[in-house]
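For reference, the structures are reproduced in the following blocks.
Presented sequentially are two complexes of subunit A, the first with subunit B as partner and the second with subunit C.
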Partner chain A sequence: MNKRSTWALPYFIFLLLFVALPLILILLYAVQDGSGHFTFANITKFFSDKDALSTFALSIEVAIENTALCLLIGYPAAYILADNKLNPSAVTVVLFILPMWINALMRTLATAELFNMAGIQLGKGTLIFGMCYDFLPFMIYPIYNVLKKMDKSYAEAAQDLGATSSEVFRKVTLPLSMPGVWSGIMMVFMPTVSTFAISEFLTNNRIKLFGTIIQENINNSMWNYGAALSLIMLVIIGFTTLFQKDDRQESSRGGAL
Partner chain B sequence: MKKVFAKIYIWLLLAVLYAPIIFIFVFSFTEAKSLGNWTGFSTALYKNLFSGTMQNSSALISALENTLLIALAASIIATVLGTIAAIGIFHLSGRKKQTMNFLNNIPMINPDIITGVSLFLLFVFLGISQGYVTVILAHVTFCTPYVVLNVLPKLKQMNPNIYEAALDLGATPAQALRKVLVPALRPGMITGFILSFTMSLDDFAVTFFTRGTIGLDTLSTYIYTDARKGGLTPELKPLMSIIFIIILVVLLFINIRQSKQQSSVKH
Partner chain C sequence: MDKDIINLRHISKSFGDNKVLDDINLNVRKGEFVTFLGPSGCGKTTLLRILAGFDNPDSGTVELDGKDISSLPPYKRPLNTVFQRYALFPHLDVYDNIAFGLKLKKVPEEEIAKRVKRVLKLVSMSDYEDRDVDSLSGGQQQRVAIARALINQPRVLLLDEPLSALDLKMRKDMQIELKEMHDKLGITFIYVTHDQEEALTLSDTIVVMNEGHVLQVGSPIDIYNEPQTAYVANFIGESNILDATMLGDLRVRFIDHDFDCVDKGFGTDVPVDVVVRPEDIYFTTKPEKCQFKATVTSLTFKGVHYEMWVKTDSGYELMIQDYDPYQVGTEVMLYIDPDDIQVMHKESLANVFEGEITGEGKVEFLGTQFECPTEGFAVGDTVRVEVPFDKVDLLDHDDAADLVGNVAGILFRGNYNQLTVKTEDKTNIRVDTCDIWDKNDYVGIKILPEDIHLFKVKAENE
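The block that comes next holds the complex of A and B.
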């Protein structure tokens, strides 16, 4: 054992205090009533609260649709950007990250205003389109990174062995890019379920998502119910990550510049 | 043919992505209060912004200052903490390493709102009054993992014997850190710092839950409160336009210089 391994200790303590303990506190507050007594009332309240349940279902639905739309638009973009022949310059890649430096709320307000000017009624359609606009870079980047690092000789070998270009894509390129696709899905799906300000702006408060309910409860000092709702969200995150391999480390935001 | 389609697709997508930003930019040159209202060309909003003669100008300027100060403080702390942590994690093995990697992954997987709510509960639980310090600590929490992940690969690329050699030749561990480790890890540290700075600048949810009730505003929370009240401060339009132009110039400059360097290496 090397002595430099002790250098991890400060961060370990930091992580315990600011990551592990806060998550334990969510669990603790979720199973307490206002005066600190143990109860399951907050959890059962959610499952008997029709509004909360339908908001929850709608959030999941919107998140799935938004993620699918991002994937549909983002995959071809990532594919083109990663291809040296189709896209020889790195400047276009930078142009895709650039909007992320402009405040997301400001961009969202402008998007909503554009919908207004075009005479499009703010609602579920504008919500999904507007969120896709906000989260698209998070889908493009992981896929782009994986495609860029991919060994081109696999595709060439498949071609030499007589595969058509659509076969090369279906049987070689697509399977090899799946880690990036999963990272992208995670990075878009999770924020979409939990977003609150963005969804409020894009629908003019007509549609509430799960994040808004959590925020309202916490801000109205209903900490215990807010914690219970957060706990439900955490359970979903736990399930989603179980289905995903641990490949986000390399393919996530690592190469943003 | 395929190339033409690819070009059209990319530029069409970029046009859609930039439409709202161009929209803000265009409407920063008119005096109208609401975003989509054109009342003739005017640079009044820019003048207001710089002379500070608009309504609640001090609130907007202090929101901008807070945003920058918090981002700077959080990303510096995150870079130092994350680099030292990465060196430690690199030399760990087995279950300890797995535990550290697992814990380090949590803030990246957690949605903002969970990070925000959980830290809010922590500060309430510990009885810490919320303000600048809690916001900075919260930002350090979600930034540091990205520093760790960007420094670790540099450690793998590095020759492990150089550090030992420095020690053998009489350097103190602090000297060896400063003169051997830091130069080798610098590219990863810089990427981690820039990522941290960007994420801190753009954060809304975590700041929203950890800023307390002392009236601390960053640009994000300022815009949120402003928009919910109904009227967005018109001077936000020129401010956002200026920020955008600065970033555009800086990024294009860095990129063109990089590609020039790369091509000169190739030849």
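The block that comes next holds the complex of A and C.
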């Protein structure tokens, strides 16, 4: 047993160096002023900083819109991909995942160029488009996985008991695929809140998201305020995860997976 | 009671190249407990799925109460299914699972509650309404699945190997309960199983199936005592299946002895198959009763009875079941009652294939070129090719073989084995051999030129 546990040592060191230590550093920086004295000023500054607050609100709004859009496009896509009759080959799945093989920054830059070429004004519309384009696979894949593994006999049993195709979907397929939907939502929502590169390239910095502000602060050597903002974002995202985790257990009660 | 509730007419179904059902015709009487019995892959589940509406037949019609329901989707058919793995909805509790069908039909809530209570009592699961289906044991899930189907008061209840996931003891209990439920409700049950004992226990009528065909339909007693083919005899219970010659009415010869029997009308000197159940061969100590002598070669205790293998004085091996053991090496005297000898027509004596003459001395069948004398035939002629069962050689390597296949079935026939070899293009070849092969063995098949017999096929009308 003892020998086994030593195998975990490298991972433990890795976690310590690259997860725990940075978090502690963020925490330390967040509660210090520029000269190293303990203070809550950085955090209170955020709550009195109207710009920061409105940017934060906008980030959440954009993230919700993007997640909703991804879900709207992603669920039907996953449903079609997982259906053997509608999609007899696995190749199409790869096609959907393929964009993930190209670096997200390059894709975003290319998208921005395309908009410029087409003469489309960069703004919130292009931002949402770019985000959806980048994050859609993260929504499709977990839902696809749940649907693909779902026992066909559930749908057949529902049909057998008198459910039409739409009733089968509403009363059986959809509820049973909720675990996948929740992972998809989390995998899209969380990174969208903190992203900054996409908003920079696709709105020419016209729209600033929360991630952008953090990045600007840090770039301008305002480490302490930047750290405080990161901490706030971390806490809020952490809260949403906790909340969703409960929900998730509720919805997958009985555990199809 | 005697009115037909379901008529299947000329049902055929293929998945790709694989013909799963071939022209099935079947009538089910109202209130009957019917079992589709056969090995896995015989098409029984597909037939059930066609009844339920999950699969559509390529041709043929399904009639319910004389009305064609072939084109109705499953949700419009007044039939309900109990699935092999139950398929209870994991996101709903027991009550909501059972109420699922009634809620869809917008039955008032109070009536649903009343009916759920009643049906739960029927399956001995009262007070389980609020339980999660995952917290139930396999047997309990099974009961809920049955309740979920029965609450809709289906015209016919379809059960797809519902007990196969349960352990032996539980299975026996559920068999009795299912039978009681059927008697109480008067609903027609159609039950699919590969377990012959289960079929014999439960059914009013058994439909024995193999390779997409219905081999025999009858009551359990008929099927057991009067199997119509060697396959049925072998599949249902233990049996000694032997080559025999009908000497005339009421007289048959097998294992090199002559026996009285109760069958007539087969003709004289006609080759037939004979089935003798192992419990129908009796030991005797009176020489005047003895029909043949044998030596016991093995003895196994089976709980209620002993199972013995004997080698007859003429060299055949027979299985005997008896309450009294005879030690290995004992010389015994045996007799068989005329009643217990079941005589059957031989299905065929040779493999028959369709072939084509592809050249001088060359014929193609089974997707392979064979050499054989082709006098009297022209290149391009379509011919009927016959190869006797005992003229097919099996090899354990494929370099000298004409084609390859897998042993799909073995039938011991007293002094040789009759194998069914499935070739790569899914054709069955019968092979009689004294060699020992195991099921699923990969074999090379070789046929000598002089054993290939060609016959003219009448020219098709153009």
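Observations on the model:
Assume the second predicted complex is superposed on the first by the 238 of 257 C-alpha atoms of A that agree within 3 Å, B and C clash if a C-alpha of one lies under 4 Å from a C-alpha of the other, contacts with A are read in each partner's own complex, and residues count from 1 in each chain.
The working rule: a contact is a pair of C-beta atoms (placed from the backbone, for glycine too) under 8 Å apart; a residue touches a chain by one contact, two chains touch by 3 or more.
This structure is a prediction, so every number in the text was calculated from the model and none was measured.
Once the two complexes are laid over each other on the shared chain, residue contacts for A:A163 go to subunit C alone; subunit B is not touched.
In the superposed model, A:Y154 makes contact with subunit C only, not with subunit B. In the superposition on chain A, A:M139 contacts neither subunit B nor subunit C. Within the superposed three-chain model, A:M131 lies out of touch with both subunit B and subunit C [touch as defined at top]. Once the two complexes are overlaid on the shared chain, A:V172 sits against subunit C while remaining clear of subunit B.
Between subunit B and subunit C, B touches the greater number of residues of subunit A. In the superposition on chain A, no contact is made by A:V62 with either subunit B or subunit C. Judged by the touch definition given at the top, the superposed model places A:P76 against subunit B, while subunit C stays out of reach. Residues 252-254, 256 of subunit A touch subunit B in one complex and subunit C in the other. If you check the complex, the residues on subunit C that touch subunit A are 52-54, 73-75, 79-81, 83-85, 87-92, 100-101, 104-105, 132-134, 148-149, 152.
Subunit A makes touch with subunit B in their complex at residues 1-2, 4-12, 14-23, 25-26, 29, 73, 76-77, 80-81, 83, 85-87, 89-92, 94-96, 98-107, 109-111, 113-114, 116-117, 133, 136, 186, 190-191, 193-197, 200-201, 211, 214-215, 218, 223, 226-227, 230, 233-234, 237, 241, 246, 248-249, 252-254, 256-257. By the touch criterion stated above, subunit B contacts subunit A in their complex at residues 2-3, 6-7, 9-10, 13-14, 16-21, 23-24, 34-36, 81-82, 84-85, 87-93, 96, 100-101, 103-114, 117-122, 124-125, 137-138, 140-141, 144, 146, 148-150, 191, 194-195, 198, 201-202, 204-205, 208-209, 219-220, 223-224, 227-228, 232, 236, 240, 243-244, 247-248, 251-252, 254-256, 258-259. Of all residues in subunit A, only 151, 153-154, 156-164, 167, 171-172, 175-176, 251-256 touch subunit C in the complex they form.
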